[in-house]
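Here's the structure, in structure tokens; my notes come after.
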Amino acid sequence: MAKVIFFGVLTDVAGTRVRHFNGAASVKELLLLIEGEYPEIIHYDYRIAVNNEFIDGDLPLSESDEVSFMPPFAGG
Amino acid sequence: MAKVIFFGVLTDVAGTRVRHFNGAASVKELLLLIEGEYPEIIHYDYRIAVNNEFIDGDLPLSESDEVSFMPPFAGG
Amino acid sequence: MGCLVDGPLTNELIGSLASMLREDKSCGGHSSFMGMVRADEEGGRTVRAIEYSAHGPMAEKSAAEISSEIKAQFDDVREVTIVHSTGIVEAGELSLLVLVSAGHRRQAMEACARTVELVKERLPVWKKEIYSDNTHNWRRNEPL
Amino acid sequence: MGCLVDGPLTNELIGSLASMLREDKSCGGHSSFMGMVRADEEGGRTVRAIEYSAHGPMAEKSAAEISSEIKAQFDDVREVTIVHSTGIVEAGELSLLVLVSAGHRRQAMEACARTVELVKERLPVWKKEIYSDNTHNWRRNEPL
């Protein structure tokens, strides 16, 4: 049950900041679940980090992993 | 009797900050008096201001004029 | 101190950073940038505040990395401080402070400007503008 | 306030300038440079303090001219503040503050750096370094 955290505008897209997803053995599977639940997310720019490290492409996920969905930064 | 103010290292050269000089009807004449009194001043870089305005070349001086001798600036 | 603070940057915080400047007497120059929330007009509405949110652990890591990178790139730089607000910051309040101390002025100023760009680029922080009519909008940073 | 203050720039002075930042809510960036007296080694002696002297009326005029010139050159700049010490400033104390406020960060930083150069070039201020053994030396500024 991976913990997913949405940041920035994606908290509005998901309607929540934190959600747990069951049955995703990889980032790719998690993405399918999330796009099924929140179809508009495909229109947004974002990067994914697993346990505070950015990832490119796929990665196996374990129960305790924390996955962050982060739109382009806008600090300052 | 023009009032002369020495700044920076020139206060050490003149041994004083302020001095009055009699009988100088122009900056050129004043310079001759000053170089007579403090011969080492010719080795120093400086600019001259009369009544808070930099001057180039000569200028007549009146009794109430204030003449500043200013070496290169070193603020900050 | 971590790089994230809750709410606007206060005079007390800025004052305490100013006191710390004097600790290293080999520094001749301190350069700072402070970002303030502007009361911009956006289509008839005025920005009342910005609500900042951040990825805490990644922001701290990113600030530390930026600081090391700047020190590696500018050999005269001794200290790099980055402080960013989270939560609500009203228009006219400060949300970002970058402070760079160096032996001489040139690197202090160049490194400060570079640090500000890296903060904009890499600090995982987001901003939601809140307008006078209580509507809001997630903003992206404009390019420099 | 005039541009010259007697003795080192205090935290109170810096704090009061920091409070003034918030008055113009159309400013998004404030850039500052603070010059500090370094405890440099000079031939076995250490700099204990710098004694600054200035041509008062010409310094005030020069600071006002620099400020106008910067505002004319950088159209996004709203405020330029220049403060310089006179008298004794010990090593580790601040002697110069330049503070530039602008709508956006780029001009705030560029104009601040430019103002610092103009201050070095044009402010009629002189410095006498005073060493740990109480000897002294009039210094010229090194080129950037």
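Lettered A, B, C and D in written order, each chain numbered from 1.
The definition used in the following text is that a contact is a pair of C-beta atoms (placed from the backbone, for glycine too) under 8 Å apart; a residue touches a chain by one contact, two chains touch by 3 or more.
These numbers were taken from a predicted model, which means no experiment stands behind them.
**Student:** By label order, what chains touch chain A and chain C together?
**Tutor:** Neighbours common to chain A and chain C are absent.
**Student:** Going by average Cα coordinates, which chain is farthest removed from chain D?
**Tutor:** So the chain farthest away from chain D turns out to be A.
**Student:** Between chain A and chain B, what is the gap in Å from one C-alpha centre to the other?
**Tutor:** 74
**Student:** Roughly how many whole angstrom separate the Cα centroids of chain B and chain D?
**Tutor:** 27
**Student:** When the centre of a chain is set as the mean of its C-alpha atoms, what distance in Å lies between chain A and chain D?
**Tutor:** So the centroids are 49 Å from each other.
**Student:** Specify, in ascending order, the residues of chain D that touch 2 or more different other chains.
**Tutor:** Within chain D, residues 35, 105, 116 contact more than one other chain.
**Student:** For chain A, write out the residues touching at least two other chains, lowest number first.
**Tutor:** 76
**Student:** So which chains end up touching which?
**Tutor:** All chain pairs meeting the touch criterion are A-C, B-D, C-D.
**Student:** Give the list of chain D residues in touch with chain C in this complex.
**Tutor:** 11, 14-15, 18-19, 21-23, 25-40, 91-94, 103, 105-106, 108-109, 112-113, 116, 144
**Student:** Could you pull out which chain B residues touch chain D in their complex?
**Tutor:** 5, 7-9, 11-12, 49, 52, 68, 70-76
**Student:** Okay, in this complex, where on chain C does chain A touch?
**Tutor:** Spelled out, the residues of chain C in touch with chain A are 35, 52-55, 57-58, 61, 84, 95-96, 116, 119-128, 138-141.
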